[in-house]
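Please go over the structures that come below.
Each of the next two complexes has subunit A plus one more chain, namely subunit B in the first and subunit C in the second.
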Partner chain A sequence: MNAVLTLARRELAATFDSPIAYIAATVFLVVTGLLFFFGHDGSADFFGAREATLRPLFEYAPWALAVILPAVTMRLFAEEKKSGTLELLVTLPVSDVQLVLGKLLGAVGFLVVALLVTLVFPIAVAMAGNPDLGAVAGGYLGLLLIGTAFLALGLLTSTWTHNQIVAFILGLLLCVFFWTATDALIKVAFDKPPLTLQLLSFRTQFDDFAKGVVDMRNVLYFLSVSAVAVVGSTYSLQSRHWK
Partner chain B sequence: MADGTVVRVRNLVKQYATKTALGGVSFDVHAGEIMGLLGPNGAGKSTTMKILTTYLAATSGDVAVDGVDSADDPVKVRAMLGYLPESTPLYTDMVVYDYLDYVGSMRGFKGAELRKRIGDVIRMVGLQEYVGFQIGTLSKGYRQRVGLAQAMLHNPKVLILDEPTSGLDPNQIVEIRNLIRELGKSHTVILSSHNLAEVRQICDRVVIIHRGKVVADGTIDELEGKVASTHRLILGVQPKAGAAAADVVAALKTLDGISAVHLTHEAKTPVPHANLEIEASRDVRPELFQWAQRDGHSLVELRRKAMDLEGIFQSLTQDAN
Partner chain C sequence: MADPKTPSKGTRSGKADALVMVLATVGVAVVVNALMTAINLRLDLTEQKVHTLSDASISAAQSLDSLVITAYISKKLPETIPMPGGGKMALKGIERAFRDKLEEYVTASGGKVRLVYAEDNSPGVGTIEEQAEAAKVEAFSSSEAQLAGSELKFARYAMGATFHYKTVHEVFAKALQPGFYEFEITKILLRLREKYEAAQIQKEPLAQGKAIFEAIKACNELVQKKGKVEESKDEGAAGLSLKGTTDPGQKRFDALAAAKDDIAKTCGDIAKAASAATKLKGKSQFGDQLLQSAEQYKSIVDELGQFLSGTAEGAKDKPKQATMAVAQLTSMMDEFYKEVDRAHTNLTDSPGRKVIGFLCGHDEFCPFAESEPFVPEQMAMMMGQNNPMMKQIMQAATQISQSIDETNARIGDNLFTKRGYMIRRVDGDEPISSEVSALIVYAPRKALPDYTRYQLDQFLLAGKPVIAFAQEWEVALMNMAAPDDLGNDVRLDYSAMSATGSNLQEVLKGYGVDLKRELTLDSKHVETVKVMKLVQRGGLQFQTQQDFPYALVPVATKFDHTHPLSKALETLPVPYPTSVEATPELEKNKEFEVVRVIQSSESSVRKAAPLPVLPPALKEVALKATPTGPHTLALFVRGPFKSQFAGKDPPKRPEKKQTNDPMHPPRDKPSEHDQEIAKRTFKTQGAGKLLVVASNLGIEGLSRGAVLKGFEVGKMAQFSADTLKDYQTWNSNFQNWQIRIGQVSHLLGDNLQFIANVMDWATSHEALVEIRSKGDMRRPLRQMEPDESKNLRLGSLLAGPLLLGLAGALRMMWRRKRNESLKI
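Up next, the complex of A and B:
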């Protein structure tokens, strides 16, 4: 467990050593800011809204996460592969799954920082009105979970290649696919989509969080997706043995 | 192990999709030994090392370090090894001290113990003045020291160094070789090289790999004795007044034991002389000296031609055929 935390710490520090972290965090803050101030349905923006709510922010923020998080994870394994440091990393007395978890945890650290920065918006709402703090907390939990799933998918694509750009593009496609395309594809393919397929969509699973409802099934769903991606990354790392 | 074997390699086979990298490699490494893994590029040295370090899995065959099978418990084997891969991949954006601190933490050390170990290896490899430098700003020689430091940090049972001097300038090569010899006094070391002279200087024993197979295993002297069925000598002769190089060649050919004489070149300065290469069935150096004295020629050079790696390979692989 110690090695996982050591690696997470090192990855978090390395993330903030590169400009990408600041660019990603800034983009996220600006996009969520725009959503927050102007994203309300209908004509009313934040200043004209009658309701003290962050729902529009929560509904659209996953879009921003799906785009910026693969940029944070793209270097995690691709860079080690390219520079050859992977050879030293995987020959440390640490199991491959610990390495994957350490890297993921470091990336989640970045996500937490990026989310903390956006707390200015709920604070603004709280000063202007009387928002449902439980709903805000639920929304943030949802963003943390869906963000972790995006990070795990991005991490997975980073184990596939030594080229960071390729890792980013594949990660982006995978995240956007799960966030939106599954939903659209299912609706195109079926007149009455079966519930099991609908449940595959991140959007379906995230809906309740955006409304401020925390359902354990949704929580488990995002954790499961992350776990599958972690297992996939571990296998991908081990594929060096049978190539 | 009781017999002092620290690393035991048996019938290692590595089959890639299109080629066989290793075709049944076996050898032992004994405690306290500096073992050289020698072979031309592409012979299978790096593949062997990558399997020893558990980076790659063998297609078949066994590796055991201190009795622990590396397929059964790779993590335990890794804990006993220090590894410096070819071309020394390091995190160039990290500061030397932070990097060693990171590697040490990953290996499970912390607090005062970790600080002491970092201090020890920094002194051992001579990095005292560079602890605060970013690794990317260091010269190749100093990066190599950082690589050795990370490999030494946990005082491993076995140090595995893949071509530790390749890409260094001559001064750095000497420094790193001295350092490895120093480390070898207290550790078991396996290093790979394609440089025979280097292996001769550093290693107690060599295992020569050629096309994925072990073609020789022994001390350098043993190997040279084994392959040196033909003695090759380099001879520099200043012919006596009135004689030409051709006369010298003709005269040498009549001497007992000499099977061939080649005139390699005639030097004009600083001392005019003919440079000859001689093949003989035995070491005829004393006879040559006496011959020159008797016939009135002057010897300006007389030495055995050092067996180069190519020569050894040729001999060994010819023997095998």
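Up next, the complex of A and C:
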């Protein structure tokens, strides 16, 4: 576990040594902020709608995360592969799975920082009204879980290629697929889709968090997706021995 | 997981191992997730536990042993459905939410409640939607039409449930608002219990009512069947009597005449059932209604029998007329059967249901049609005979009166009856029925006469809740102006404030409640009003609407969170309020409980009216005044009230006006209701509950008296130029009611919820108040100046990036410093 944490710390530091982290976090903030204040349904903006709620933030933030987080994970393995530092990395006394977990935790660290900065929005809402802080906490927990799942998926695509751009595009496609395309595909494939299949959609699983409800089924689902992606990434890394 | 550091023995086996491991992980994840779908383990982080069953819901579920819930949920729901007022309602996730909520109740009941899902196309039961409709679950359709055969049809969907408890049942007809699932289900559970308990006591009347209904049903089915079947048969196939007959009316007559003995025998049971219904008569409104409908039905059957047997007057001489009369009578029977069905449904649904009375007759909000006709039809016809102009005005006035009745009846139906409340009109000049559990006096604008006050007094002292909403001032903001003597036409610029003729202040004073006449204004915590404006553009005049923050619509911010009515309230807009306080004597009296349920903010102020009405001028007044808030806008008092009529002779009941209404004939002898009233003894003191709200909450009464002000039949007979002016004034009055409601319509949602809460509280369903509030927990932003909101938005949009930039710069500096130190 120590090895994983050490790797995670190193990864987090490396992330913040690169301008990409600041750019990605700033883009995330600006996009979610603009959508939060101006992107309300109908004609009214946040102050026009006159409701002290963070629901619009939780509606739009997963979209932004689905786009931003693959940009953060794209370099995690692809860059190491391209620059040849992966071979150096695997000589460390850590297993592939520890390596993957360390990188993932490092990226989660970035996610936490990005989410912490968005706390300016709940603070602004609290200054203008009286939001339900429990619901806000639920929403943030949901963002953390969905973000972790996006990061794990991005990490997986990063292990598939040497090219960061390819890793980003594949990661983006996978995240967007899980966030929204599953709904559409299931509807095309099934006339009457079973409830279990409908639950594949990240969006369906995320809704409860946005309401302030932490349903263990939703938590387990995001953790399962992350776990499957971590295992996939580990074996994808291991594939270097198969050549 | 295989240790990735251990090289695989061969490429192929390594790949296979990896594939197996990845597939196994996916498999485990799928199985664990699938198993977890059956476990409903949730943590509700919301402050009011909005998504967790409350104690009242849990205990309601536990109190109903062997309750069976049958859920009707369409397999594939549309994404959205059209809403009545335009727009769309999203149904995403609604199915899961409904299932989860029902299952929560099952879990909470500890095995006492059983949940069954209606299955699609089970043998002999049809689709889920068909089963749902048969169970009275309301079907709804999406906006997408589907081709069914050669026609386009909107697909029907169902999302609801039925609840069966022993001999009674209730229906959750349309479950489309997840926020209110708990409220609706708990309401049904509480109702089931009350209904079952009351039905046990009323077993006999209910059985007698059922016998009458069954007898009428059998009679109607027989008559309709005989009439219909013979009509559709081919000529000659119906038997000898129909040979050569082509007229369908004649065919029906012959067929019914042939079956007259059967009809007489089957329909004869109605009279038997009605005469045996001794326990039904005079016991309840619904029992009497059923008996009355049955009586009317029976008289039609008797008449039909006379025509069929040829004993009716002229039946033999004029066979054509007799045929027509039979056709008419069979059709009337079917119509009256529907009435009987409705009356029977009301009767079976009535046990345990509490009736809420609305006082009417003083220009207050009275959600019923008037019981008396506007102008007797014959008189109206006579008046217009010589003057076509007057005829036209009479027709228009009658039309306005009809519109008022229809609007009030629709309001009552949509706001209350359809939501499961049993409301009843209480006329001030009659004693209040003992069936009424709570009385609402909703913003009277005319003085309550002594007899009405006496009824109200005795009702309160009997321990039943009285809820008074006050409207001391009428605020006309950019209303239609009636034509003036200078010949100016109707315009949309009339603004004024005038006192109503209410004497509620004097009435309440007698119970220690001081209803103030000054208006309550606020400069900071206010809502907007929507004002219609006429705008000139390019020589054309347009009507537009503009929102103005209005000092006379303060937003209440202080609530007593110990009272069920205000426990979950955060804010409430209160249009045109005065204020209300307990008198010092009442305050000192320890026997009374006084609760300031709703209060305005600290920035509010009390100002003597009349005040300037236009928003900018009114704002000036509010801004200049020194805040004196908070002021109480709703006060609750409970305690041993003393009668205002103690030591006085009780006022006499006004003489009942004679009407020619055949539906309400004068009674020859006193009814059981009259006898019950006669037995009532005068109470000088009694423990009562009184709630006073110092506002009409934006719901202004629409009454004939207020709209058709000055209408007199005698005056109409002397037609003059003034009559025309009067007519224009009535028209303006009616439109002004619509304008005023429209100005605060955006606030009505919150205020109607509050009224519904008041009604639940008044009928002892306090737990429902809290549960409903959970479903509609609005958290509005405080009133902000445009600059303040702009700064807040800009600040929060820039603060994050600035913070990140600063952190980045600091980190860069730290790294540079560290690198430099390493170089050395």
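Here is the rule we go by: the second predicted complex is superposed on the first by the 243 of 243 C-alpha atoms of A that agree within 3 Å, B and C clash if a C-alpha of one lies under 4 Å from a C-alpha of the other, contacts with A are read in each partner's own complex, and residues count from 1 in each chain.
To be clear about the criterion, contacts are C-beta pairs under 8 Å (C-beta built on N, C-alpha and C of every residue); 3 or more make two chains touch, one makes a residue touch a chain.
Not measured: the values here are computed from a predicted model.
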Subunit B versus subunit C as contact partner of A:83, first or second or both or neither: first
First, second, both or neither for A:109, with subunit B first and subunit C second: neither
A:91 touches, of subunit B and subunit C: first, second, both or neither? first
Touched partner set for A:2, first subunit B, second subunit C, both or neither: first
Touched partner set for A:10, first subunit B, second subunit C, both or neither: first
Partner touching more residues of subunit A, whether subunit B or subunit C: C
Partner chain in contact with A:228 - subunit B first, subunit C second, else both or neither: second
First (subunit B), second (subunit C), both or neither touched by A:220: second
Shared subunit A contacts, counted only where both subunit B and subunit C touch the same residue: 17, 95, 241-243
Partner subunit C, residues of subunit A touching it in the complex: 16-17, 19, 22, 25-26, 29-30, 33-34, 37, 46-47, 50-53, 95-97, 117-118, 120-121, 123-124, 127-135, 137-138, 191-193, 195-196, 199, 204, 207-208, 211-217, 220-221, 224-225, 227-228, 231-232, 234-235, 237-239, 241-243
Interfacial residue positions of subunit A with respect to subunit B in the complex: 2-3, 6-7, 10, 14, 17, 83-88, 90-95, 240-243
Subunit A contact footprint on subunit B (complex, rising order): 16-17, 50, 53-57, 75-76, 78-79, 81, 83, 85, 87, 89-93, 102-103, 105-108, 110, 150
Footprint of subunit A on subunit C - complex, ascending: 1, 3-5, 7-8, 11, 14-15, 18, 21-22, 25-26, 29, 32-34, 36-37, 39-48, 50-51, 75-76, 92-93, 95-96, 570, 777-782, 784, 789, 792-793, 795-797, 799-801, 803-805, 808, 811, 815
